[in-house]
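Input: structures, listed below.
Each of the two complexes below includes subunit A, the first together with subunit B, the second together with subunit C.
And then the complex of A and B:
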């Protein structure tokens, strides 16, 4: 791997190496720019470092201290943030869905949220590129939305849980499809096809999962980029002219400074605003890129409620990727009395996760819990990914408490709105109907889960109402860019990773175009 | 022109010279060195015994049937083991394929120009089992959620696989019909000229097998360019054979013959590539007990070899007489 001097200004320093950062690092390095990627997490070698052990694999989560409050505090640390080179894509569920086109004009066409400053047809092209980058295994034809090309790899075989979803949907008359998913159904390069271990959400030990760690990062290194792991960025330096000059980061026990001509922040919806707010100085007392006051505001998560039950036959839902079937019916059907959409997917919780569901949602403990765990092989569930509406009261701010790096601990405030609650109620009823129609009994609901994060540095049409423009460039500081889930004005009813990768690939092209006409 | 060059085993038969059967053992034979010192391609005389040739072609067809049977035996053995013989009927292809293989070996060893009741029975049973298997597999596909959709075509019981059993039985049955030719008769199958019938049947068989390979290689996203071979080379063979079946002339078809040989070789090459494909699974051959099941089916490609052998036998029949 090529290495750069800290004193020499590189063209780009990218903070974060996940779905937003890694494609940028690779794309910019391949375009000939000098690029350093910094990540707070370790550079794992999955074949050696990953165990089939839920507890040990918490090593891939971002479990640093956060303060959560609001009416519905978000549980942080597991399914919504990762600390590793490759970011959350090291442990994401690999579900790779495209946005419904109308969501890019949610305010104009659907009457809620905000419009994106990007046309859906342009993103559609980048979705295709993202799917090829990740060798998505998906269905030959997709039941919803405008036509899309066939996925690069074929759909996976359904596991027991996926089949239950399909049977439920067929009983309800809803369309379903094998989920487009970022794990290989056939060999690719050095990678073997998926062996259906089922530990996807705590890190794939076989490298069949097409995380950024095994896709963009190797490309970036081949193209001459440097990846510095265990490097926690605490502050972006800005000169008197109002341009970013580099980043301060903690590595091997000492604060260092990497000079750069451009800084790209891709730390996801908590760390990105935290870094921008913590970089406040005399010139930007409210934090960088925050003239609109919107950095940290409009935090969104997605409702992730579930319905679980028991089948008479063994299902073994924990084998294979957990979400092998999906129905996006309510993303594309507008005959409902709330805004936004949701999908639901098959589930396959691992044992400890399942114990958490039983204790948390069913209140089981001791002997009753032990007895219930005996039916683990028979349990089956459906879980929603639902669009929560942007609300400026949901936000990330800084507290006075300091964490292990000496940085202010973020406060994450979140409350569901009435629309969010209406959607959750609708989804729980629908999923319960589906599960019971498939033959499940002893059905119960997990009513409090959320997943994914968005919105704390939203993109938009003007500096008053947004933090970055359509090129992911901050309105206030021309050489400061933000490219991750935090730029989403609305979050849609699908998992975010594919859209983040698509935006990242688009930003590479935009930066190349701007550079070629001297606009960097 | 030297008749001794074309007749290897000649048995006299009364009245043979006036026989209406005028087909020759082989359309093109290498004649001995001529005075000019060069080999000369020449046509065989039209007075050869049809039953001898029938026996030889029949034995080749027995061999083709046996190749397919061996492919089915090992392939269904592995696949139905993966399915844990969930349904007791899943043992059927192992029995019929083993019997078809035994009958074929018997047929190859048997030089008598006549059908054999044991072989006929086995082949008929194998063909019927192939039909029943196809029905079973179709039922398995349609009973799943989604019914006849890509998911179930990819991962439910493979709809094309029992066809190989049907083909093995059918080719064996045809072998017996060809062997059953009287000394003075043209080989016929169900009253139709044997060569053309066999060419048409083999062409259809290759086309069906191409369909199966295309489906499963599509499932594998043609991730290795060599996965295109079985969907490009055998279709040409099927087309050439199809054309030959429509053509009543006894002309030589060297291109078709060579293309069929290429198709036959592809069957063996496919085994090698599938062995490599198993290596591409997680753990490779060190984890063979899992990967032989999850990787590409090693015994499947020789189906093409069996069919190509049958195609070559059909050419021999075609070229030995005008049909």
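And then the complex of A and C:
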């Protein structure tokens, strides 16, 4: 791997190497720029480093202290945040869905949230590129939305849990499909196909999963980028002219400074605003890129409620990736009395996840809990991914407490709105119908779960109502860019990472275009 | 207690193709958890053990999982969750305060220590903690129900289902790298997966489970 001097300004320093950061590092390096990618987490070698175990694999999560409050505090840690080269894609569940086109104009076409400053047709191209980058395995024809090319790899076989979703949908007259998913259904280079071990959400030890760690990062290194792991960025430096000059980061016990001509922040929706706020200085007392006051605001998560029940047969949903079938029916059908959409997918909780469901949703403990756990192999579930609406009161702020780096701990405040609750109620009814129609009994609801994060540095049309422009460039500081989950003005009813990757690929092209006309 | 997967021991796969080296070392370390507290005081340790016995009873088990030891390990080695409810102090402080508040509650209600309470009285106190109905000043503003939900329940129950004994009991296949699985559909079982005892045919399941490698 090529290495750069800290004192020599590189063209780009990228903070965070996940879904947003890694494709940028690779793309910019391939375009001939000098690039250093910094990540607070370790550079794992899954074949040697990854255990097949829920607890040991907590090593891939962001478990630093964060305070959660509000009426519906968000569960963090293994639920939504990674800390590793490759970011949260190291442990994501690989579901790779495209946005519904109308969501890019949600305000104008559907009457809620905000419009994106990007046209859906342009993103459609980048979705195709993202799907090829990640070798997505998926169905030949996708039931919803405008036509899309066939997925690069064929769909996976179904597991028991996926089969139950399909049965329920058939009974309800709803379309369903094998999920487009970022794990190999055939060999790719040195990597073997998925062996269906089912530990995806704690890291794939076989490298079948097409995380950023095995896709963009090796490409980035081949193209001459440097990846520095275990490097926690604490502050972005800005000079008197109001331009970023580099980043201060802690590595091997010492604070260091990497000079750079451009800084790109891709730390995800909590760490990105935290870094911008922590970088406040005399010139920008409210934090960087924050003239709108919106850094940290409009935090969104997605509703992730579920229904679970028991089948007489053995389902053993621990086998294979957890979400091998999906229905997006309610993302594309507008006959409902709330805004936004949702999908639902099959589930495969491992034992600790499962005991969390039983204790959290049924309040079980003692002998009753231990007995109930024995039905593990008969359990089956359906889980929604639902669009929550942007609300400025949901936000990330700083506290006075310090973490192990000596940096202020973030506070994450979240409350569901009436629309969010109406959608959840609708989805729970629908999923319950589906599960019962498939033959499950003793059905119960997991009413309190969320996933994915968005929105704390939103993209928009002008500096008053947004933090970055359509090129992911901050309005206030021309050489400071943000490119990750935090730029979403609305979150849609599908999982985020394919869209994050598509936006990242687009940003590479935008930066190349701006550079070629001397506009960086 | 009924034995659903007779003769199944996930550890019989330890040296087979379902366990890679990082898994073996992680589980070996787990089985060798220090049995003596490093974080809790002797007094807190007694209360914690009594609480573990109630939250996850193992009376009658030949080889109970040392749940309190795992809670102690988590605190001593500071394995944090990655978030903390705004109403709770840091995890170790929450545990110390919660355990001493439970002792105080037991003293006030029954004139005895929490660890000395009869099982029903202890369970009753726990139910009131779960419902947020405890008010001793020892809680110091920490809501008992939040402590129950975010510390007591996860820290104790996760310890059992992170343990091979918990996996064997519920018929979980356990670690699966690199071999993975082949038969994925409903009612299909790979020969290296646990077999469930069907009514009247425990012996067949036992035979299959003894062949699991």
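As a working rule, the second predicted complex is superposed on the first by the 520 of 520 C-alpha atoms of A that agree within 3 Å, B and C clash if a C-alpha of one lies under 4 Å from a C-alpha of the other, contacts with A are read in each partner's own complex, and residues count from 1 in each chain.
The working rule: a residue touches a chain if its C-beta (ideal position, glycine included) is under 8 Å from a C-beta of that chain, and two chains touch if they have at least 3 such contacts.
Just so it is clear, the structure is predicted and the values come from calculations on it, not from any experiment.
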Three-chain arrangement built on subunit A, subunit B and subunit C clash or fit: fit
If touched residues of subunit A are counted for subunit B and for subunit C, the larger one: C
Which of subunit B and subunit C A:31 touches, first, second, both or neither: neither
Touched partner set for A:139, first subunit B, second subunit C, both or neither: first
Which of subunit B and subunit C A:195 touches, first, second, both or neither: both
Which superposed partner A:157 touches (first subunit B, second subunit C, both, neither): both
First (subunit B), second (subunit C), both or neither touched by A:49: second
First, second, both or neither for A:221, with subunit B first and subunit C second: neither
Which of subunit B and subunit C A:9 touches, first, second, both or neither: neither
Computed vertex angle (subunit A) for partners subunit B and subunit C, CA, steps of 10°: 90
Touching partner for A:206 - first (subunit B), second (subunit C), both, neither: both
Least C-alpha distance (whole Å) that remains between subunit C and subunit B when both complexes are overlaid: 7
Subunit A positions touched by subunit B in one structure and by subunit C in the second: 157-158, 163, 195, 206
Partner subunit B, residues of subunit A touching it in the complex: 139-140, 152-155, 157-158, 163, 166-167, 170, 176, 178, 185-188, 192-193, 195, 206, 208
Contact footprint of subunit A on subunit B as seen in their complex: 144-146, 150-151, 154-155, 218-221, 223-224, 277, 280-283, 294
Of subunit A, residues touching subunit C in the complex: 48-56, 58, 61-69, 73-78, 81, 157-160, 163-164, 194-199, 205-206, 311, 313-316, 318-320, 350-352, 354-356, 359-360, 363, 365-367, 369-371, 373-374, 376-377, 411-412
Residues of subunit C touching subunit A in the complex: 1-2, 4, 18-23, 25-27, 30, 54-57, 79-87, 90, 123, 126, 130, 149, 153-154, 157-158, 160-162, 166-167, 169-182, 184-189, 193, 196
